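Two complexes come next, and they have one chain in common, chain A, joined by chain B in the first and chain C in the second.
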Partner chain A sequence: MKIAVLSGKGGTGKTLLALNLASVADKASYLDCDVEEPNGHLFLKPKIQFVEPVEVKMPRINEEKCTGCRKCIDFCRFNALAYVNHSIKVFEDVCHSCGGCTLVCPENAITERNKTIGKIEKGLSENVKVSTGILNIGEASGVPIVKQLIESEASNDELVIIDAPPGSACIVMESIKDADYCVLVAEPTIFGTQNLSMVHELVELFKIPFGVVLNKCLNHDNPAENYCNDHKISIIGKIDYSQELAALSSRGELVSRTNTHYQTLFKTILNRIVEEVAYETTSRT
Partner chain B sequence: MKQLLVLSGKGGTGKTTVASALIQLSHAKAFADCDVDAPNLDLVMHQRCEPIKTDYFGMPKAIIHEEVCIECGQCQSQCRFDAITYNQFNETYQVNLNACEGCGVCELICPVDAIHLESLVDGQMLLYKDERVFSTAKLKMGSGTSGMLVTRVKKQMMEEEIDTNIAIIDGSPGIGCPVIASISGVDYVLIVAEPSLSGISDMERIISTASGFGVKTFVCVNKYDVNTEYTDKIEGYAKRKHLEFVGRIPYDVEAVKAINQGNTIVDIDCASGRAVGQIYETIKNKL
Partner chain C sequence: MKILIPVDEQIKDTDVCMSFGRAPYYLMYNTEDFSYEFIKNTGAASQGGAGIQAAQLVVDSQAEVLLTPRCGKNAADIILGAGMKVYKTLNPSVQYNIKEFLEGRLNPLTEIHPGYHNHGGN
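Moving on, here comes the complex of A and B:
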């Protein structure tokens, strides 16, 4: 079972929830897909067992074969190729690795080489298998890292918790597309609510069953809660704002491992999700 | 016009809260929200006019014309983005528009010319224009290309000839393409850091990213009292990197109330608003 945790807005508590759901399960895999700013490992502190590089294909021009016809430049929709000083120059930052230039070259002058854009670290932290995607600084897109991360945990037997990046763009879509259930984490501000509405639209578009966890709840009107009620979205959990929780989290403490109150709270949320997934599966078949 | 971009690396540290306060304090006549896949600045800027809306076309996407397709499957095998799937029920090849990056490889190799790339509306650019110019956008869900839209949002703001010393830009979290697109060409970056293990790790990554552009960078800490030890660490880190540390903002329940009423934190009298006021006094002489 794959559960993705997302939020649209950053800092609402995706990582807090994803980590604690994984840690209260008997056994789980935690995938950190926030490859631009991965943080889960700071809390889980896994013993790293192995590291695999993530590579993409980059065009390599054979200068001797190249006749300067520029068909590759005309083809490339990402403007990643240019003719400078009588040779083809590759702008690797904007290349999407589509391979089109190698196909279009009439002289077979373009081959491909591998370029490392980041890595995946795999390790173990008590009952949790931890996989962290890390994008190298200066690289534009972490999508290939997310793809490789999700493929590496393709088995459906175990519980996989996917910690998605903020936003609602391509990298978020890649992170959630194979999920059986999405948890949307929302904070009680109009900022959080506007972004909740965006990811709500996204999960509806992807037709993935979902529920909302309200985080940082304060003793006053909660616009995110009102949004859920207005749209008949099920609220599967509530976490109150607490200075203690904020302080513990700031130091990288995994609260469900040290505090029975939080252990019970996250266990209840996890059970609720498992029930919802079971219900969705039976009602679909 | 000088451009100040507010970034953070980690999400939710308070970029929009700080950016909106700085817009009010500096009486900036031009500002933009470059967090195009989770925009929020519009909620607190009290626009008094209707926006001018322009359709945004991202990369064109592949469309397969079924009546011409001979189902050879070459497009599917060459697509590096797994965007072409075979639908067994109606026996057709189809493009998953969420996955298609518009590279044109399928169009190139199709032996019967059944595939064409077509531009689709991927979102909307919004421009509010009265005595101030506010450029923002809404990305259509599922369309993806946010880096390109960030560039357009900034360009839309810069093309308005408005007499102002400073333009303030609210950025997006992370260090990838939308952030890189937003840093490109700005004069100053203000990083809003958060005093936590995660916040420090993310701040170090965004500072490395920004330093690649050689932009003058300021650092401040929001919710500093959540962990003063880490706040000190952030200040120390900034100094070691020769970046200017410009202030500390306390955690403030009043800030949540102000935002939820559609106000910035300097529209009311509150501790966080006063702290951003001091930050503005510190940086305004350096702009």
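Moving on, here comes the complex of A and C:
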């Protein structure tokens, strides 16, 4: 079972929830897909067992074979190629590694070479298998890293918790597309509600069953909760605002491992998700 | 000599466009016969790499000089690589900038911005 945790903005508590869901399970795999700033490992402190590079394909031009017909330039919808001074110039930060230019070149003048854009670190932290995607500084897109991270945990037998990057862009779509369930984490502000509506739209588009966890709840009107009620979205958990929780997190503590209150809270949320997934599976078949 | 300027509209007294890569048109002024010609920027609406496509258009136009308020790194690589000269415009007036250039009062464009790629969460 794959559960993705996402939110429209950073700092809502995706990592807090994802880490604690993984740690209260009997056994789980935690995938940190926030490849620009992965931080789950700071809490899980896994013993790194191995590191694998993430590579993408980049076109390599054989200048002797190139006749300057420009078929590759016309084909490239990302505009990653240009013809200057009688040779093809490749803009690697714009290239999406689709390989189309190698196919359309009538002279077979374009081959592909590997370029490393980041890495995946794999390790163990008690009951949690930890995989961290890390994008090299200066690289334009972490999508290939997320793809490789999710493929590396393709088995459906175990519980996989996906900690998605913030927002609703391509890299988030790549993180959630194979998920059985999405948990949207929301803050009790109007801004937080606006961001919730963005990811809500996204999961509706992907037709993935989902529920909301309201984080940082206070004793007053919660616009995110109102949004859920208005849209008949199931609220699968609430985490109260707590300075103690913030202090523990700032020290890199995984609260469900050290505090029984939070252990019970996250266990309840996890059980609720498992029930919802079971319900979705039976109601679909 | 042919001078190229990114412009907003396909009319003679149009303004200089603030964007190089996403300008809808380029005006080409020929100093020999004082003629004007407009080149449509077919890549103005591309999802990404607009500057690269625009720079290709500019290089292919055979103009020798580009007058623009700014230019991104990828486009500059192509334009400067092809041996074109790039000068910074001083205000929105096309006529004024051509005149200033011909009288040697425009400075070469030295600040090349890193591009606005991926802003907006794509």
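The working rule: the second predicted complex is superposed on the first by the 285 of 285 C-alpha atoms of A that agree within 3 Å, B and C clash if a C-alpha of one lies under 4 Å from a C-alpha of the other, contacts with A are read in each partner's own complex, and residues count from 1 in each chain.
We take it that a contact is a pair of C-beta atoms (placed from the backbone, for glycine too) under 8 Å apart; a residue touches a chain by one contact, two chains touch by 3 or more.
Just so you know, these numbers come straight off a predicted model, no measurement behind them.
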Residue contacts on chain A - larger count, chain B or chain C: B
Partner chain in contact with A:Gly167 - chain B first, chain C second, else both or neither: both
First, second, both or neither for A:Lys89, with chain B first and chain C second: second
Partner chain(s) touched by A:Asn39 [first = chain B, second = chain C, both, neither]: first
Contacts of A:Ile73 with chain B and chain C, given as first, second, both or neither: second
Partner chain(s) touched by A:Leu124 [first = chain B, second = chain C, both, neither]: neither
First, second, both or neither for A:Val51, with chain B first and chain C second: neither
Which superposed partner A:Thr189 touches (first chain B, second chain C, both, neither): first
Shared chain A surface residues [contacts with chain B and with chain C]: 77-78, 140-141, 167-170
In the complex, chain A residues that touch chain C: 73, 76-85, 89, 91, 93-94, 140-141, 167-170
Chain B-facing residues of chain A, complex: 8-12, 15, 34, 36-37, 39, 42-43, 57, 75, 77-78, 96-100, 103-104, 135, 137-142, 165-173, 177, 187-191, 194-195, 198, 201-202, 205-206, 218, 220-221, 223, 243, 246-247, 249-252
Touch list for chain C against partner chain A, complex: 43, 46-50, 52-53, 55-56, 59, 74, 77-78, 81-83, 117-118, 121-122
Residues of chain B that touch chain A when the two form their complex: 8-13, 16, 35-40, 43, 59-60, 78, 80-81, 98, 101-105, 108-109, 117, 139, 141-142, 144-147, 172-180, 194-199, 201-202, 205, 208-209, 212, 223, 226-227, 230, 251, 253, 256-257, 259-260, 262
